[in-house]
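Chain naming follows the written order as A, B, C and D, and within any one chain the residues start at number 1.
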Amino acid sequence: MGAPPAVTRKPDAVGLGVMTGLGVGMVALGAGWVSGPWAVLVAVAMLTVLVLLVWAGVGGGLEVRRAIAPYGLLKPGILWLSLFFLAPLWTMAVMSLSSKKSRFDFFPSFTWDWSNYSRALTDFAPQFGRSFLYAGIATVLTICIGYPLAYAVAFRGGRLRNVLMGLIVVPFFTSYLIRTLAWGNLLADAGPVVAALEAIRLDGPLNWLGIMDNGRLLNTPTAVIGGLTYNFLPFMVLPLYVSLEKIDPRLVDAAQDLYSSAAGAFRKVVLPLSLPGVFAGSLLVFIPAAGDFVNAQFLGNPGTTMIGNSIQDQFLRQLNYPLASAMSFVLMIIISVAVLLYSRYLDTEDLV
Amino acid sequence: MSAATSTRQRLGRRAVNTVAGLGLLYVFLPIIVIVVFSFNDPVGKFNIEWQGFTLKHWADPFAEPELTRALWVSLRIAAVATVCATVLGSLIAVSLSRYDFRGRNGVNLFLVIPLTAPEIVLGSSLATLFIDRGVDFGYTTVIIAHIGFQVSFVAVTVRARIRGFDWTLEHAAMDLGATPMRAFWSITFPLILPGIAAAALLSFALSIDDFIITFFNAGSLLTFPLQIFGASRVKIPPQINVLATMLLMVSVSLMALGAAFGARRRKRHGVVAG
Amino acid sequence: MRLDHATKRYGDFTAVHEANFGITHGEFFSLLGPSGCGKTTILKMIAGFEQPTTGRVLIGGDDVSAVPPHKRNVNTVFQQYALFPHMSVADNVAFGPRNHKIPESEVATRVAEMLSVVRLADFAVRRPAQLSGGQQQRVALARALVNYPSALLLDEPLAALDLKLREAMQIELKRIQRDVGIAFVFVTHDQGEALTMSDRIAVMSQGRVEQIGSPTEIYRRPATLFVAGFIGSANLLPGTVASSDAVEVRVSLAAGATVTVPGSQVAAGADVSAGAKVTVMVRPEQFVASASPSHGDSIKSSVTDVVFQGASVRLVARTGDGAEVAAVVAGDADVSFLRPGAGVHFGWRADAPYVLSGWPAVAGATTTDVDRVEAAL
Amino acid sequence: MPTPMNRREFLIRSGLMGVGAMSIPAILSACGASDTASDTTGGSPGRSLYFENWPAYIDEETVKLFMAATGIEMKYTEAYNDNNEYFAKVQPLLAKGDKADPDLIAPTFWMASRYVKLGWAQKLPLDKIPNAANLRPDLKNPAWDPNGEFSLPWQTGIAGIAYNTKITGREIKGMADLFAPEFKGKIGMLTEMRDTMGLILMGEGKNIETISTFDEAAVGFEKLEKAKSDGQIRSFTGNDYMDDLNAGNFAACVAWSGDVVQLSRDNPDIKFVIPEEGGTSWYDTMIWLTGSENSDAVAQWINWCYDPVNAARITAFVAYMSPVAGVKDELVKLGGDAAAIAESPLLFPDEATLSRLQTWGPLSEDEEAKFDEAFAKITGA
């Protein structure tokens, strides 16, 4: 009885159609496809459809009502997302093809101006490159740090699992900015981390490896990547923990019973079973890291700016909305394509 | 098992634990700095160098009126946005996990997309919409922006938590004469409430701490993170550390409370629906 | 209570096809069939969770097809009980009466009374999770019965219990049904359960009601090959009608013998004209095994397996055309000649064989657990 | 499996959601305006005032004393962090012809000229500001506000070099020191283009008062670009350079005089120097935004601040040069630290020092865009 029947019902089509229609109407109103009297007309039409829907629900039997019910529950949320997620994307797309008549023209007009895109891709290629590079390295690092953490909690945590998990997550309940600033203090030239590294004479090798720059950590790529790694660590640890926790420890025993070494058991049993967590975590870390500008701003130098810094600068300081929109759009498209390719490996439901 | 392998295994085990311990230290390092410096007695504008222990900032955590005001702004925004987003998101989650209907996969995808778009894209696109439509930035725009990213988050979290919920319970209630409304409120709701509450708490935390999206849509409104961002360029009063530590303590106690409540519930109900 | 040509379709899929039968007051009525046959859908139409696509559901003469479940005076015991985990046993039981706005004092009396009927008076304050499976099952019963429904619908209520408990609960259910005297509509895929408890059984397959009758009727005189094979164990021997008249039908079996069956032992409506494809059913306990051909009809086969089962011995043999047949002989009979590989002749009393239309998919013995069917009869 | 709803419930649900959803656009456009306005101070026009200023740019007393003296309800906030950023915040409102939250803001002179050019500033009610006469003569009637009717300076200052002797171990004299290899990765520059570029260009022997095209300044941008790619420059900062200087992350950086005076009170290792090649002088100036109706309050406030007694109190705290004549005498009267400040050459520079300072001349819109773009490219944003 628990599972829904694997058959579709006819009134579904009506519900789906109505909801899609209302969603499109919402986007139309939000993105300004229609204006003035037409907007009123669209609003009236949407209202009419809603009234008809209610009327059908009341007049129609159990079946009709039941077929409409799921859409009824979805409607408010979906309409909200249509208005405040889809419509903005549309507006942004239009903006990215607009041009400004003068420097202080605050209402750029739509002119199919593709130059915004060519500028975004040429002038800001280094920033795009750095964003993906830093985000990529940070993702790998979160796996390196997060995996042992999640593993230790899931398999060694015993009854303290939840407490330990809480301990790992709790620091991230302090403000993101304050945490990043605190890293700035820790990594400062006269700060404790540099002092500690010097005390154990690691500064030489680290300089040589390019991890430290002339004995400095703050305002180097290392600091930016470190900040990204730190700030997005929980997004890796949580899905990893969820997938590791599901693994029955007896599977490891079974593998060892079947002559596998401890490392072999890990490699052949635990690791493959935890891969969905690794995939989900990677997305959850990579995406926000690629768009971040806080770490690069607080911990970086002029040579470590990421695309987020550029978008923010173009949008909020240079007021070049068309260029900022084009950059945002490129960023989103690159990430969406990456996510689509990546998501072949996992179900969307595994994401959180 | 030979002595050699068991030694190796013990070593391996110790290595994992050591790495995990170091990881935990890494996680806590900046927090220690934040907490310690809330007791610092800085000379001048900057709370960077350790100067001496004092309790005075704790005695008067609200000494910085602008900071306190910003914290209030953030709390208010988070409260309103979380309530709205929790309702919208939970409805979606209930609909998705309870019904099978045409377009369900589409809705699932639609929900995930906002979660996979970088914050800067969400923030700047929404700001573009507001500018384009001539909407003034302020409370409303920030709340709208927050609800936007929270809805997806709540929907996905609640959906995960109520996956496996036994919807026959609702049938049973109606079979026993309960109206569908009553069946929902007296049976389903109390059982999925922990899941919803957890999602609401998390999205509240997300809202309070959101910087990037808010930065684009706040206009001249200052939320707590925006205030910190402003302060970071001029002077960072120790009260920031005090308030951050207080927020931390509140969330820790909320989590502890949640854990304790959850444990008691599990013991009493056995079956966990949430 | 009646289903009047009730049909339920989901899209192109017909879950229930023209269900048309009545259930009388005080009757223990079972819906029996393999999973997916539509029996649960019928139950849901009666409870109100589903509406017939065409046809009607009548309770006490009123058409309730469109009445929602909370307004129907029937209650359900769900498969996994669906007890409310956040409520005590007493609150679970009181849930129905409270919905009907019955004064709290009376609710308390009723709950106490009903809990004592199901012998759970001492467990009123516990949570469902603190009870055993059997106790949970009785709470579910009490929770439904406390509403004094005109009929109780039970959806595979015993499926979650282990064998011993299931048998105990069968007796308990029957006792309670006799005590409260209302109609029980019992959905099960376990024929043993149905045969044990029911006054009447509706056997269903692929959305259709194949036969409705008392346990003896459907066991002895199955209407279709499906019923014959599904209820109890049967040896289904395909053959062709050699000749037939008013008195008897002669069938030549694929296994290589000719059988004479009295006219009274032909399924209603079966085509027994000469040349028609028919199946002769003989229950394993009706076979008489002997080392040499006895008088009367018999089929020759060779023993493949002898299983001693205490009270009886189960004999598996293979006929000339390769079909496997089974027989059950008394445990104290002399079976020394039955060694694997030995030839054996199966004979029967003249009125034992039974003729059905059509050929089975697999000739020979159906694999249902024989002992339990026997015990039920 | 699906559960039916009854009619009433269905009605309520669908109806509420429908109405809720439909009204969002209405709410969206309706409450936007009212809602930001509600954040400003209430009260009748003329009796309330909202001044948005740079952080740490006033002592705490002045606002309280002003409110007590006049009965005007004043809101004073410090969210003006960056000229460009603040411009971005208010432009959607002002460009539409709406009112921004504050009545008064204190942009730097070149940004103030942009507000005036765009028509987003109102003429000050000078007839009600008798103390305007106290304005230092050298600040009167700037090129972009020839009649001096749109702006009255808040504070003026010098951009020069600040350094931490603990890190440098030596005295810093001029711009060449900022590009010295020994300080690689230890040098800070300001995100304020005119100050950073001004010093660099003056270091290259240019006169920034006469520069009007990008080409004339290109050499400075090349110099900065090279320093950046060499890793000489650690970061571009706003006011937070003080943080890095104090913590020793910067050996030296481009800095503003008043900040360093304040900072060196707590940390004597921090020094400020006007480069041998010369420093820039700049001023932040109060402008009255369009749409504000509080003309009385604006007049009273400016008049209050231009009273040398009040101006001296502010100066004693912020340690910048006051635009108000007669402040030095008032400082001496105050005695103590304030009197000490009165002797500071950074607050009251002598003629020789003043002659080493230059102020950027006006740039056309297109040329300014080129400067900003080139600078943004180097700062990496």
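Assume a residue touches a chain if its C-beta (ideal position, glycine included) is under 8 Å from a C-beta of that chain, and two chains touch if they have at least 3 such contacts.
Keep in mind that what you see is a predicted model, and the values were worked out from it rather than measured.
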Highest-count interface - the chain pair sharing the most C-beta contacts: A-B
Distance-maximising chain from chain C - centres being C-alpha averages: D
Whole-Å gap separating chain B and chain D, where each centre is the average of the chain's CA atoms: 35
CA centroid of chain C to CA centroid of chain D, Å: 88
Intercentroid distance (Cα basis), chain B paired with chain A, Å: 15
Sequence positions of chain D contacting 2 or more other chains: 1-6, 82, 92, 247
Residues of chain A whose C-beta touches two or more other chains: 1-2, 4-5, 8, 30, 62, 69-70, 73, 76, 80, 106, 185, 188, 312, 315-316
Multi-chain contact sites of chain B, meaning residues that touch two or more partners: 48, 98-100, 131, 133, 144, 166-168, 171, 174, 179-180, 183, 232, 236
For the chain B and chain D complex, residues of the former touching the latter: 43-46, 48-49, 66, 98-100, 130-131, 133-141, 144, 167-168, 170-171, 174, 179-181, 183, 219-222, 230-236
Partner chain B, residues of chain C touching it in the complex: 47-49, 68-71, 75-76, 78-80, 82-86, 95-96, 99-100, 127-130, 143-144, 147
Footprint of chain D on chain A - complex, ascending: 1-2, 4-5, 22, 26, 29-30, 43, 46-47, 50-51, 53-54, 57-58, 62, 65-66, 68-70, 72-73, 75-76, 79-80, 83, 102-104, 106-107, 123, 127, 185, 188-191, 213-214, 216, 218-219, 300-305, 309-310, 312-319
Chain B residues touching chain C - in the complex, by the definition given at the top: 166, 168-169, 171-180, 182-183, 187, 190-191, 268-271, 273
Residue ranges of chain A in contact with chain B within the complex: 1-2, 4-6, 8, 12-13, 15-16, 19-20, 30-32, 67, 69-71, 73-74, 76-78, 80-81, 84-85, 87-89, 91-92, 94-95, 106, 145-146, 148-149, 151-153, 156, 162-163, 166-171, 173-179, 181-183, 185-186, 188, 230, 233, 261-263, 283, 287-288, 290-294, 298, 308, 311-312, 315-316, 321, 324-325, 328-329, 331-332, 335-336, 339, 348-349, 351-352
